[in-house]
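Sharing a structure with you now.
Residue numbering begins at 1 within each chain, and the chains themselves are lettered A, B, C and D in the order written.
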Amino acid sequence: MPSKAEIVEFVKREFPQNRCAILEVGRASATVRHHVGAAELRPGGTVSGPVLMTVADVALYVALLGEIGIVPLAVTTSLNINFLRKPSAEKSIVGVSKLIKVGRSLAVGEVALYSEGISEMVAHAVGTYSIPPKGSSAGGVAAID
Amino acid sequence: MPSKAEIVEFVKREFPQNRCAILEVGRASATVRHHVGAAELRPGGTVSGPVLMTVADVALYVALLGEIGIVPLAVTTSLNINFLRKPSAEKSIVGVSKLIKVGRSLAVGEVALYSEGISEMVAHAVGTYSIPPKGSSAGGVAAID
Amino acid sequence: MPSKAEIVEFVKREFPQNRCAILEVGRASATVRHHVGAAELRPGGTVSGPVLMTVADVALYVALLGEIGIVPLAVTTSLNINFLRKPSAEKSIVGVSKLIKVGRSLAVGEVALYSEGISEMVAHAVGTYSIPPKGSSAGGVAAID
Amino acid sequence: MPSKAEIVEFVKREFPQNRCAILEVGRASATVRHHVGAAELRPGGTVSGPVLMTVADVALYVALLGEIGIVPLAVTTSLNINFLRKPSAEKSIVGVSKLIKVGRSLAVGEVALYSEGISEMVAHAVGTYSIPPKGSSAGGVAAID
């Protein structure tokens, strides 16, 4: 399986626009962090929903790469997110993902999202990923930002 | 109920970073469009997932404003999106929303997402929104981008 | 593609415990109905959630059979249901499904659920189905009741 | 907060048709079990989807009662379930729930579903519940079976 450094390198090369730092890649799990600045904030001082969704998706995608190897064609097929609490305007968003199932063609995982250093979850997401058979071309959406 | 022009003005003032054009506001429905350029594309020439989620959320939020009036504190409580087909790299994303229920405190709606001018849906989303009682402060996440 | 009669016959044979009547099988769509009696009611005179979920699943499954032919191994991979209004205790539940995508290996559809004869939706569901390659054995859950 | 015995008594009285045994009520969590016999099985020897959904809903509902007290009017507003593996035909289904957020008016929780004694999850669900203000009448669906 790929090392954390190999995954970091792959994501940097393939997703140059990605702004999530990869903090950890574990056993079917990952931790990523997204800086929160003016661009991520919304009226009322909250973090925008798409930033939270992006962190969820990247955290799951990285955990999946750690399990199945560097598979550029794995694509998000669904994301279900519940927004639970207003995130802090002054803290990064941290996403901690855990894969629940990694099958041959489908993977499912969940993500807890936090304002860094605060123990109460700000959002919770469940995502599903399609893992295409070797040699096939991508048919879905790489939601990674 | 507010006119389309009033909603456009409100969104411009409150969400200056929003990049979705509001094309229509109808009866419990709305149509919005997001330009697709280099910033929205991902490896393989696909549109990023967060762009699709943003369009879904804005389309629902605008439809909700059209139903309940200008309520800045309405917040997204959940979004469930299924990615169906690879969007075109050369066409804008259009979101067509329809509210299914608008209750006193909760609204639910669905959105069909298309590459502009192509009849097959690229994604489908269902979102729920919390409508706070008058005079209360925001407790959730304005997911609008 | 199979006729409605063939689908009715297949469901009767394979799912003898099913209590949904198949009213219509259309183009990527279906309408089914579940009787509501004492067994389906809950305190407060409401219809139980599992009855609504069952109707949603059967409506989608029947629509899928109508599109891809009699495929006993198609299995539900996810169901997302929003409960919108209290159903009537005196009316059957009717589910009207519409497939959004039927791919080679995955299908997605949505269902509107009503108390028969009342125009406001009581629940709305989105389901995904896995269509196994020919010759494979079932790996999932036939959620049909 | 109510004891496990009080919750068992309440569920028995209010939901006489419920067939889930309440094994544990913990801190924002619960464990319930549903027998699997001929009535719960489907062609291919799998457990029906609605049985899994019922266990998920009861496990969440019981955890919620344990947190907010005996509130008969708490209603399920959404359930999102992913079916992961074929459950055993010879084992009960066990649901282990954990509440993620319990707000004043909305609660969110997740449930892991297992075939009893087997460590791999057969399904995973996320549910949301509306907690009506005191004195109000029920507006939703008690999904409990």
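Keep this in mind: a contact is a pair of C-beta atoms (placed from the backbone, for glycine too) under 8 Å apart; a residue touches a chain by one contact, two chains touch by 3 or more.
A quick note: this is a predicted structure, and the numbers were derived from the prediction, not measured.
Engineer: Using the touch definition from the top, list the chains contacting both chain C and chain D.
Structural biologist: Per touch definition, common to chain C and chain D: A, B.
Engineer: If I compare contact pairs by residue number, which of B-D, A-B or A-C overlaps with C-D on over half of them?
Structural biologist: Answer for the repeat of C-D: A-B.
Engineer: So the centre of each chain is just the mean of its C-alpha atoms; given that, what is the distance between chain B and chain D in Å?
Structural biologist: Roughly 32 Å, centre to centre.
Engineer: Centroid from C-alpha atoms only, then distance chain A to chain B, rounded to Å. What do you get?
Structural biologist: Comparing mean C-alpha positions, chain B is 22 Å from chain A.
Engineer: Chain A to chain D: how many Å between their CA centres?
Structural biologist: Using C-alpha averages as centres, the distance is 28 Å.
Engineer: Going through chain B residue by residue, note those that touch at least 2 other chains and give them in order.
Structural biologist: Correct list: 77-78, 80, 82, 85, 128, 139.
Engineer: In their complex, what parts of chain C are in touch with chain B?
Structural biologist: Against chain B, the touching part of chain C is residues 80, 82, 84-85, 100-101, 108, 110, 121, 124, 126, 128.
Engineer: Residue numbers of chain A touching chain C in their complex, please.
Structural biologist: It comes out as residues 77-78, 80, 103, 105-106, 128, 130, 139.
Engineer: Within the complex, which stretch of chain C touches chain D?
Structural biologist: Touch list, chain C to chain D: 14-15, 17, 39, 42-44, 46-50, 52-54, 57, 72-73, 75-83, 85-87, 122-123, 138-145.
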